[in-house]
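For clarity, chains are labelled A, B, C and D in written order, and residue numbers in each chain start from 1.
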Amino acid sequence: MNLLAKIYVTLKGSVLDPQGAAVTHALHALSYDAVRDVRIGKYMEVTLSATDETQAHELVRGMCERLLTNPVIETYTYELAEVEQ
Amino acid sequence: MNLLAKIYVTLKGSVLDPQGAAVTHALHALSYDAVRDVRIGKYMEVTLSATDETQAHELVRGMCERLLTNPVIETYTYELAEVEQ
Amino acid sequence: MPSGEAQIGNDRQSEREAATEAAMEEPTAEQVKERGLYRSFGLTDEEYERIVSLLGRQPGYVETGIFSVMWSEHCSYKSSRKVLRRFPTAGPLVLQGPGENAGIVDIGDGLAVAFKIESHNHPTAIEPYQGAATGVGGIIRDVFTMGARPVALLNSLRFGSLDQARNRYLFAQSIAGIGGYGNCIGIPTVGGEVVFDERYDHNPLVNAMCVGLIEHGQIATGTASGVGNPVLVVGAKTGRDGIHGATFASAEDPHAKERSAVQVGDPFMEKLLLEACLELIATGKVVGIQDMGAAGLTSSSAEMASRAGSGLTLDVSRVPCREAAMTPYEIMLSESQERMLVVMTKGEEHVAQEVFQKWGLEASVIGTVTDDGLLRIREGNRVAAEIPVTALVDEAPVLDRPATRPRYLDELLAEPKLTEPEDYGQDLLRLLARPTIASKEWVYRQYDSMVRTETFVRPGSDAAVIGVPGTGKALALTTDGNGRHVYLDPYAGGARAVAEAARNLVCSGARPLAVTDCLNYGNPEKPEVFYQFEQSAAGMSAACEALRTPVISGNVSFYNESHGVDIYPTPVVGMVGLIEDLALITTSEWKGARHDVYVLGALSDSAGSRSRLGGSEYLAMRDPANALRHAPAPLDLDAEAALQRLCAEAIRKRLIVSAHDVSDGGLLTAFAECAAAGDLGADLNLAGDGHALMSLCFGEGASQIVAEVEPSNAAALEDLAAQMAVSAVHCGMTNSDGALRVSAAGRAIVNIGVAALRESWQGAIASWMQ
Amino acid sequence: MKCAVVQFPGSNCDMDAVKAINHAIGESADIVWHTVASLEAYDLIILPGGFAYGDYLRAGAIARFSAVMEAVAREADRGKWVMGICNGFQVLTEGGLLPGALRRNESLQFRSEIATLEVVNAETAFTRHYRAGETIRIPIAHGEGNYYADEQTLLRMRERGQIIFRYAREHNPNGSVDDIAGVINERGNVLGMMPHPERAVHERLGSADGARLFTSIFESWREAYAKR
C-alpha cells in the first residue's frame, strides 16, 4: 500500500524558539496584536510504500528517531494516511 | 475566544526542494527504500484570540499571505481550533 | 470544539492549469502565427517575419520559443551590443576578453585570474532570498566553467530607503540569500557595496561578482567542436523552473510571473558540481563546457555551437527531468540551476560519468556535435526543432536605439546654497548614520569572508585582499558605482566609477589589472535612458583607457523601471588588482598616534573646492528635494591618474602606513572612517570658510586620498609628491586621546570622541534592522 | 603524527585544516573521503568545517551516518584524538560522540567575525599550550552554533571540566548556553568547537591564537609516542 506520512517536528517546550519569537514580533509590528505566541517547527511529507499499516508506523517512527529529529532538542508527531498510486 | 492555528507551509509542487531531495537520499542510504519522496516545509503553531471564527480565519489568512509565506514559491494550509485559557 | 480547515484555492488551481497546459497538444506552426503566440513570448511582428525569412518557413512552437529567448534582450544584447563594442578590451595581460563566460588576466607565475560580474535584479525583486542566492550561484558557474577555481565573491547592492518595511525585507532577505549560497559553497564573500535610495524602491539591484584562479594550461572554453563528440548535461535534474525567465525579465504581464516560477538554488549541489567540473577539466578530455544560466539548454547549446561554427543534435528525452511529462519546449527553456553542458572527446564520455558518479551527480549524454550548422532538437525520433545556429546567434537583431539628452541635464544648477552648519561635527554624525554611508558590518558579518584562509584584508577597508597561494602575491578586489552621480552627469559618472574602483585598489597596494562591469539601467526604449547608457559607457571607456584597465567581461540589465520611474543609471565596476609583494598590502584605518595625515590630490582649484555638494550624500541629507538639481564635480582623468601613480609609488617606497580614498560622504567622512576603524583620533586643520569649507568637508567627486605617514617619512612623501606634480596637503596628526578634532582657519568645526563616531557609523544599519 | 582530515560532500574547510597543520606543526595531513571505512592509521582525526550535505535538515544530521563516522567512533573509543571544528562539531553532537546539540543562532543570522574566547580548561591534550582564563581571538563563521544541553548534562560537564572554551562575557555571538564555544568528551580525547582555530594560525589572517591547539596536540602525541 502507498502512504503519505505527515510529520510535524517541533522544538521541545523547554528549548527556546528564537524564530517563533521573531515572527511574533513581526506579526505585532504588522498590528496582529491578537497573536499571543508563535512556535515554528518543520513539516515533512514523506510518501512511502508498506505492506500494512503496522509496518508503516514502524518505518515512520524509525526514520523520525534516527534521522528526521534530534531528540536532544526536538519532538515529533505524525499522521499516516493511505494514498492512491 | 482563544484559538490555535496550525499552519503548514510547503513549497509549490514545481519548485525545487533541495532539502527534501537530500533527505530522500539519506533515507535511502539508511535502507529506507520504501520511501518514494520527501518534501520539507514549515509547521507553525500560532495562538491568538479573536471575536469569532470568521475573524480568526481572516486573521490567519492575512498573516499567512502577508508575512508567513512567499506566494511566489510557497503555498499553505491551516487548521483552526478553539483552545482553553 | 469548532474546527475549520481552509485550502488556499488559487495556487493549487494554477498548478493544475500549468499541468494541463503541459499535457495539451503543442500548437502548430500555423497556430503560432494565427494566434500570434509569438507575441506572448516577447517577439515583435517584425522579428517574427525575420524568423520566417531566415528559416524559409514558419517556425514551430518549440522553435519560436527558442528564438524568443535567444533574441531576448538578456541573451542577444540587442540594445547594448553596439555600445559595448566601444569598450577597450585588449591589453598585454588579457588572456580572455569579453565573449566567454568570464574574462581572464595573466598574473604571472603561470597563473591567471578569471572574473565576471552579473545582475540578478528582477528575480530578487520577486523572491529576494532565492533571487539573490541564485545570482551568486550563476556567477560562480561562469567562473568555474572556465576551469578556474572560484576564490572570492563580491556583491554590489542597491535598495530603496530603509524606512519602508518592504525595503528592509528585500535587503535582509537578499543579504541572507547571498550569504546562504556563498557560505555553504565555501567561497569567501570579501567585499561589495550597498547604497540606499528611494529610486530603487521597486527595483533593487543585486550584482554578484566572482573571482577565480587558474593555471594557464587549464583554461576551458564554451565551444562545441569536433564532429561526433558527445554532448552531456551534468549536475541537477531539469524541472519547470523559470521558464522564459530571460524573456520576461522585464515584462509587467502578470502571466509572465506565473509562468516563470522562481528558481530555487541548491548551493550544496553546486559545491559538488564545482568540484566535479574542475576534476573533469583537469583530465584534459573536455572539449568545451558552459554553464546553463538564463535560457538554460537553449542558450548554452546555441552559444557553444556558435563559437565553434558547428551544429548540435540533442535529444531532450535523454535529459534527466525532475518532473513528469515535461515537453521539449519546457526542457529547452527551463532555467533550473546547477547544471552545465559539456562536450567531451568522443569515446571519453565514461570519464565524465566516473568523475560525476564519485561526487554523486548525474552526467547524461544527450546528443552529439555535427557539422551541419544546425541546432536540431529531437524528442526520441521526432524532430521538435531545427534551426541554423547562425540564425539564432549572428542574425539576432541589433538595434540602433535612439538616444536623446534628457532635459534635466541642461537645467542643472551650480552649487546649492545651504546655510553653513553651526557644528560640522553634528552634521558629520548624522551623515555617518545614513545607511549609504554607514559601516556595512551588519551586512558582511553575515558572510563568511575567511574560508580558504587566504583573506588578508577582510571587508571594511577600501578593497579586499586575498593571497595567491604559492606565490607571495595577492589580489585586491573591489566593486564601485554611484548611480546618483551618473544620473547627474552620465559621462563623468561612468568615468568616476572606474576611477574610484582603481583608486580603491591602489590604496590597498595593488596595480589595477582589468574591469568587469554590470550596467544597470531603466527602460532602453526611452531615448533619455538610452542616452544615459551610451554616455556613461563612453565615460567608462575613457577612464579605462586612461587607467589602462581593459574591460574583460560584463553584463547588462535593462528595464529596471516600475510605474514609469527608471532607476538611476547605475553602472557598477568590478575591478581586480595585483599586489606584487604581501608586504605592500595597505589598509584604510589609521595605524598609530602622532603620525602625519596628508590629503593627496588637490583640495581646491581656481573655482574653489575641487569637491562639489552637487550629487553628494550630504546634499541629499540636508535638502532632499533638491538633491537632483545640482551638477556634481567634473572629473579630471589626468589628475586622477597622476594621483594614483603617486599613491602607488608611495606605498611601494613604504612611505605611507594607511591610505583611504575619499568617496561617498566626502573628506570628513573619510577622516571619520579612518578614525573609527583604527580607533585613533586626530587633530586636523583645513582652510576656508562658508560654502567653500562645506564643500571641502562634505562635497564629493574630487580625486583625493587620505594618507597616514610616519613623521620620519613626511619629507620623503612631500618630495615624491612634488616630483610627481601631485598636491599633498599636510592636514595634521593622529592622536591618542580618542577625539577627532578638525579646525578651519582657526575655528573648531569638529570635536567628537572616536567612540561616538564609531557608534553612529557602526550602529546605524543594525538599528534600522532590529 | 599522522593526521586525517575527513571530507564529506559539502565540507569546505578541509584544505584549510590541512594548511593549518602544515603551518603550525610542520606535519602533512591526508584528506580522507567520507566512504573510507578505516582510520586506524591516524593519530589525529579532524572533522572540518563546511556544510556537509548542505546542512540540510539539521547541520551534521546526514553526515553522521557516513561510513567514515563508524571509523571515527571506533578510533575515538581507542583513545585517538578527534577534533570537530564548526560543522565537524555539529556532526559529533549529532552522532552522539559529544553531548548536547547545536541550534540556530539566536539572531537567526549567520555570523562571521573574529570572536574573543576564554580558555576554560587548559589541562586537556588539545589546550595545554594555553593558560586557563586566557583570552584568545579565533574566527567564527556559522549559522547554527547555538550550543544547547539540558541542566543536568551541563552540571555534569562543568564538574568534569568538559567545557573548554567560552565566548567572552557579553560577546556571545549565537546565544549558546553558558556562553559555550567548545566542549570535550569525558575521556578527554574528542573535542568539538564552533570557532575555527585553523583560520587563526598567522597574524596575516588577523590572529595566530589558533595555532596552539595544533601545537598542544602535537606535544601530547610526542609524549604518548615517547612513552610507547
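In this section, a contact is a pair of C-beta atoms (placed from the backbone, for glycine too) under 8 Å apart; a residue touches a chain by one contact, two chains touch by 3 or more.
As the structure is a prediction and not an experimental result, all values here were calculated from the model.
J.: Write down the chain pair with more C-beta contact pairs when B-C is set against A-D.
T.: Per the contact counts, B-C leads.
J.: Could you give the separation in Å between the centres of chain C and chain D, each centre being the mean of its C-alpha atoms?
T.: Chain centres of chain C and chain D, defined by C-alpha means, are spaced 36 Å apart.
J.: Taking the mean of the CA coordinates per chain, how far is chain A from chain B in Å?
T.: A distance of 9 Å separates the two centres.
J.: Could you tell me the distance, in whole angstrom, between the mean C-alpha positions of chain A and chain D?
T.: Averaging C-alpha atoms per chain gives centres 30 Å apart.
J.: Would you give the residues of chain C that are in contact with at least 2 other chains, written as numbers and ranges?
T.: Only 266, 268-269 qualify.
J.: At least two other chains touched by the same residue of chain D: list those residues.
T.: Counting only residues that touch two or more other chains, chain D contributes 53-54, 56-57, 61-62, 65.
J.: Residues of chain A that contact two or more other chains, please.
T.: 67-68
J.: What's the complete list of touching chain pairs for this entry?
T.: A-B, A-D, B-C, B-D, C-D
J.: Could you pull out which chain C residues touch chain B in their complex?
T.: Going through chain C, the ones touching chain B are 1-8, 11-12, 15, 18, 126-127, 130, 236, 239-241, 257, 261-266, 268-269, 322-323, 336-337.
J.: What part of chain A is in contact with chain B in the complex they form?
T.: 2, 6, 8-10, 20, 23, 26-27, 30, 32, 34-50, 59, 62-63, 66-68
J.: For the complex, give me every residue of chain D touching chain B.
T.: Per the touch definition, chain D meets chain B at residues 53-54, 56-57, 61-62, 65.
J.: Can you list the chain B residues touching chain D in their complex?
T.: Listed in rising order, the residues of chain B that touch chain D are 18-19, 22-23, 26, 29-30, 40.
J.: If you look only at chain D, which of its residues touch chain A in the complex?
T.: Interface residues on chain D, with respect to chain A: 57-58, 61-62, 65, 93-94, 100-101, 103-108, 148-150, 175.
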